[in-house]
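Pasting the structures in now, so scroll down.
Shared between the two complexes below is chain A, which pairs with chain B and chain C, respectively.
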Partner chain A sequence: MMRYLIVLAVMLLPLNAFAFTGDEIMKKSQAVFLYPGKDFKARVMMKLISKAGQERIREMAMLRKNYGEAGGDQRYFIYFFQPADVKDMTFMVYKYPAKDDDRWLFVPAINMVRRIAAQDKSSSFVGSDFTYEDISGRDIEDDAHAIIREEKLGERDCYVITSAPKAGDVDYSHKLSWIDKANFLPLKEEYYAKTGEIHRVFTADEIKDVKGFPTVTKRTMKNLKTGHRTEVGFVKTDYDIGIEDSLFSERYLKQAPRKWIE
Partner chain B sequence: MSEYRSQRPEARRLKKVFLIAFFLYSVFRILSSSHASDISIHGFLQGNYSFGTTENPDGDDFKWLEERFQLKLDASRGPFHLFIKTDASFGHIDDEADIEIREGYADYTDAKWDLRIGRQIITWGPGDLIFINDVFPKDYEAFFSGRPLEYLKKGIDGIKAGVYPDFASFEIIVIPFFEPNDYPDSKRFFMFDPMPAVTSREENEPSATLENTELALRVYRDIKGFDASLYLYRGYFRKPYMIPDDLINPTKITLRYPELSVYGASLQGRALDGVLSLEAGYYDSREDGGGNDYTVPNSQTKFLIGYQRQFWEDFTVGLQYYGEYMHNYSEYKENQPSGFPLDRRFYQLATIRLTQFLMHQTLKLSFFSFCSPSDGDYMLNPEIKYSFADGIWAAIGGNIFGGGEKWNQFGQLEKNDNIYLQLRYEF
Partner chain C sequence: MKKAIMRLVDLSVNRPRLIVLLTIIITIPFAVQFSKIRIDTDPENMLRDDELVRVFHKEVKKTFNIEEFLVLGIVRDDGIFHKDSLKRIKRITDDLLNIKGVVADDVVSLTVTNNVVAKEGILNVRPPMVKVPETQEDIDRLKKEVLDNPLFKDKLVSSDGKGVVIYVPLENKAIAHEVGGKIKEIYKKEDGPERYYMAGLPIAEDTFGYEMFLQMGLFAPMAGGLLMVVFFIIFRRLSFVIPPMLVAMLSVAWTMGALIGSGFTVHIMSSMIPVFLMPIAICETVHILSDFYEKLPRVNDRKTAILQVFDELAKPLFFAPITTAVGFADLALADIPPVKVFGVFVAIGIVFAWLLSMTFLPAVLMLIKERRPILKKEAGSRALAMIGRFSLGKSMFVVTVGAVLLAISSYGITKLVVNDNPVKWFKKQHPIRIADRELNKLMGGTYISYLVVEGAHEDDIKRADVMNYIERLQRRLEKNPVVGKTTSAADVVKRVNYALHDEDGKYETLPNEKDAIGQYLFLFLMSSAPDELDNFVDYAFKKANIWVQLKSGDNRDMTGVVKYTEDYIKSNPPPDGIKVEWSGLPYLNITWQKLMVTGMLKATIGTWWVVFVLMIFQFRSFWWGVVGMLPLVFSVAFCYGLIGFAGKEYDMPIAVCSTLAIGLGDDFAIHFISRFRERFKAAGDLKSAMEWTMGGEPALAIFRNALVIALGFSPMAIATLTPYVTVGLFFGFLAFFAGIVTLIFLPALIGTFKGALLKKQQEVLR
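After this line comes the complex of A and B, so read on.
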């Protein structure tokens, strides 16, 4: 009996030493960072800060619902509070990992819902330093992931993963991610330009436990080329609140339901 | 044939006073209620100036010259919601102040249906500035004189019911008070008039009777990733048609709005790496079955194909092709009085829209153009819009018209090119 146990332990050892592949870590990270809960809501305060220090505010309510497994389809509903010229505007995204999103925009001044062309997921989201992909994630299959080292980032033990896009569909050459070994949240990301310099840096600045889900409640994306940065804070964050499928419809785009918008 | 009566300015003023009184009362009721929950007030201050490159017919240089203050009041309580958008403006061309309720309605929302009563803006169809099934009133003077785009749409005074069973969504609209389109003022705009010598004109609008009430229905749902809609409308043309009292020696012209029904459909969805839009409608001119009556338009079939695509970050191109086919054309041709321009059997219009955002989407460069392959006339609208800070923006643009014949849609506006400035502070 003992002999078998020893054999088993020996068999497990090397597996344990290389517990995860880069792909597996990024998959887990995506699940905890972008897919926690069945659904999610937050009041999002975005500050767009120029190199000279001029601030612009984008304040919105963001609602998300998952359809299927982590890494699968999602729907997003966004209602804008600020700035005043976009107040009451709503925006809806049906996100599909393997193909282009469906996006709709509601313009309250003329009471019109319109589809908007959405070919480029690496476009800026509302003028910020975050892209659509940064908000809703990039298909794991689109990049080749590899663990390059393990190191501490501050107090946290991290995997450092390099992710290189398989196709040349983005404007960066690769990304380095510092993934917390304990909860798999990305604590830092560096996007490298094709020239080799760091183009953008993401940092998770505050992590809170919300209903058992570790959640990045403050984050920053900084563009090192332009000196422009975007700081994002989440408040009133919640999970598994029972968002109905019907929310993601023209009806509610035109009349955002007050029970979800706060 | 329905009965018509002229809606005199006093009647309109009375309607306005009634509406304002009703909404002030509603606001008072909501504000004074002890359980009033959510009330928000927003609005803007705006300066809007449009300079004509040619002197106006009345000798003035400006197409539009005004300051405007808009107040939006939003109040909610349980399933009820009240919204009032009021504009106070001062126009320098006529030195006239005006107060206008742009929208003012009450909502009731239930799980499977809702109701909106009052003045409201309704926009239907996937077209970009081309309207087939959007049969609701528009202000073309605003559009041609460089006012912000939202002023193209006018509210209707009526009721909208939404019903949302699982298989499809329904919008049912009842409009008891007819509202025509607004066309450019002949003092400010040079426009084609087939009988300029006849100055005695009377406008007859359909009166507000049960029989004249307009009805519109839209049924929509998703079909394989496409947004599909069906539309039905029973009401009136919003463009007036001229009836001279005598063809040989006219002394008076009556402007009236013939009866119209529209049956249409549209589809919009992701295709060819962009967004594809298709729309069609049959305009049934109910008073002119055979096309023999020159005082009412013939029935028409209208269709639209649109395609929009983002070529690089923050740069989007939109293209549209629109066609209008007149039924019973030979009858129309035979009966059209001499001296009146003859429309084509098949009218075509194309549009292009280019939009580029820069500087974190605070600077927007755009270009929009109408161009008719059949008539040869065009309208060009380049614009630069910059947001100085949150809620403060300015736009400078131009409207340039030309080509075609002097009676064509844009050709007749040839002498009305203008450069406009819009400045706004929103709060």
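After this line comes the complex of A and C, so read on.
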């Protein structure tokens, strides 16, 4: 129903009202948000905060390398510093847009690397309020995107885009994104549950320029239903540092290379 | 005092219209308050806000993110592991997640709650049934997977494979009834061999509140209506029916209006105020009316008759209700907030009723136009006179019988079992009781207690010795027959260890190093939702929570489990720096039960002393005070003895009823003794004074009162909430006993102890 209304609304607009289509904007946005550079590294500080205000800290080094065009394959290498008892634990993901990811985890206590089965991409990323999709993106083709309006969010001019999943097996009904017209970064996203209520809200809280790439260095995902939220901060962010393919291997999972994770 | 009262009555008979008008005007502001009514059914509110146990319970709920949830059980007699049943379960769960007010992320069910498994070397954290299995082989595999897992077996799936349970957390518990209705709509759409049961405390509470309204709206007026019918049958005079009912209704309206208007919520206790107030109010008016219609034919002038009645009755009419009111007000000393409110407002209501009896009642009597006042000796009076002669003649015998009965009752009282269970406030055949029974038969128990293990430092819970202690506590608890199931973080750690080692049974154990435990918990956390472990450990890993599922919500059983655990802890002390403490609703319930039993006992005993002192004061005689107390002692002893012998448990409503006994018992005795002594003063002869009291209006009024109350409240026995049933039945028996004791034992007691009782008075006479 919602979708038809949106289509109708879009059809009623004058033809040349927008320079871009919804698809084009989302594609551009994905490229600048999740695929900038050939590769990327950051020290990630993640704070999980419960409804009652209790906090858990995750600190990790995150390395990413792109394979192919924006929207294509990616590899992630994550090394955990905190909590203290999981120091040396590492986690690796081979991300494929059109099929299930491959994931590996190294458990130092038993000195063993285990393959981890990938659930649907909307499952939680390392126990946070972010999903794997929020971290590495959802296939643009999977959703119908449409511009519903343009408005200011704070100081910034934004496109407001609705994205409705084409297949029915997704646990939300649609997403609204506020995309900055200037740099195409998403400044805010609202995920709507099938009941029509807002389920999760993403906000980009700080944006910095790193090597010419506008980068969201502080972000929050809040689950309005459970009251739980996750705050993420990036420090020591860098791009195009020449991460070699060999890093993404079982060998380095067991013995994370110093030069990348200091 | 008496002068002031008589002035009030004088005004009322001279300006009846003004008084009636004033009464109506005063009623309006009270009646307006009713729109502001707020119902409170939370049993937690039986405890003070700052009661330690309650504070800890709140903290535990917050620390472990424990929400209020509904429990939906789906049962199929030939096993739930059939493709069509599993499809229904999947459909129902999917629909549940989309109900407004349900915390979808925290729903616990086969289709959304994570399990840790290993398959072909791949570790998999996912719900057991993401999709409904197609082949029989896959169905069997699913069944084995969940029944093999202690985190699922008897919590989500029954060990016989016949039922599954879905836990549905709510954003707040005030919407439980509403969400329950929507869940019902969802499963009503399915047609299959499955049976559905809905349980859980919030729905019980919310449903209780809903039905409480019905009962208050239905049974209080029904009891009132029946009282009117009984009145009419006995007195055959409409003028005898309407004034008492008006007085009762007005005092109830004023009292409830005052209660709601002062901002109090209507709790299960205060919802019973009308039911308690009505008979007390009616008793007063029956005394007045009985005397009035006895006098009216003789003087043939309404005003004179009324003034004579009040002149004669002013004292007992004042002292009886005041004694009762003080008795109820004494409940304010109990440490249970709803009981305080109840006691104080019943007392206020009694004062209202007294005031109305002194003003509104005579005014109404003045306005009633009756053609022919009838003077006829009632058949009842002759029988009562006979009883009086018998009791007085064979006083020693009657007193001995009474003493024997008292002894037997005391024995019955020793057999009283103190127990309560809020779910049992519903009748046996209520859907909530049925669901409760079926689910507890099937699963590990729907009554969830929390055993909190608290360390001194962060990460203490990850210590191997602490994890091991948690595990040992669980195994020990599970040996108790009331405990159906326990789950904790230790089960999660063991599960991860098992799965990491390719489901090798050797590794279904706890590792010996803190780091390994920490990593296993982390692994589980990073593979599932952010709050998946919240119910088991706090964020700092300083506290752990063992879920203890009990098959019974009886306070007696929880008390047993607490004692059982204490014994174990005493002989197996926890590791250094570790404290173990109970929380959860069943534990809260036993705490308020303790307060209730001791509190009510203390309050009741206190009340007795107050009433006793008041009686001595008003009779100006110690011995008359003692005699005046005896009907109370007797009727209470008989009632509780009967309860003891019948095997009925001493629960909250029964505890409250003991105060009512004081209200009714002393009313009968005060009237009897006052009237008897007045007569004795005039006649100076025991026999003729007794003949006048028993054969005339005083005994008849008491008899009528007892009859009206016993019959009038009998419909409450068919109420759907057991507290109402209990109170209704108790009323009946109590009125019956109090009447008998007053009318049979009092003459005998007076006969037996005439020396002590009458000597002084005879001296006065001389």
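Keep in mind that, in the parts below, the second predicted complex is superposed on the first by the 245 of 262 C-alpha atoms of A that agree within 3 Å, B and C clash if a C-alpha of one lies under 4 Å from a C-alpha of the other, contacts with A are read in each partner's own complex, and residues count from 1 in each chain.
By definition in this document, contacts are C-beta pairs under 8 Å (C-beta built on N, C-alpha and C of every residue); 3 or more make two chains touch, one makes a residue touch a chain.
Owing to the predicted nature of the structure, the values given are computational and were not obtained by experimental measurement.
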Would chain B and chain C fit next to each other on chain A once aligned, or clash? clash
Quick check for you: in the superposed arrangement, does A:Ser249 touch first (chain B), second (chain C), both or neither? first
For A:Lys194 in the superposed arrangement: first (chain B), second (chain C), both or neither? second
Applying the stated clash rule to the superposed structures, which of 45-53, 99-107, 189-197 or 243-251 from chain B runs into chain C? 45-53
Once the complexes are superposed, what residues of chain A are shared between the chain B interface and the chain C interface? 48, 50, 54, 56, 83-85, 109-110, 112, 114-117, 119, 123-124, 126-128, 228
Contacting residues of chain A [partner chain C, same complex]: 48, 50-52, 54-56, 83-86, 89, 91, 105, 107-110, 112, 114-117, 119, 123-124, 126-129, 171, 193-195, 197, 199, 223, 225-226, 228, 230
Which stretch or stretches of chain B touch chain A in the complex? 38, 42, 44, 76, 81, 107, 109, 114, 120-123, 126, 149-150, 152-153, 162, 164, 169, 220, 225, 227, 268-270, 273-275, 277, 308-310, 312-314, 316, 357, 360-362, 387, 389-391, 393, 424, 426-427
In the complex, chain A residues that touch chain B: 48, 50, 54, 56-57, 82-85, 87, 100, 102, 109-112, 114-120, 122-124, 126-128, 228, 246, 249-251, 255, 258
Chain C to chain A touching residues, read off their complex: 62-63, 65, 97-100, 103-106, 119, 121-126, 130, 171, 459, 462, 500-501, 511, 513-520, 522-523, 525-532, 534, 538-540
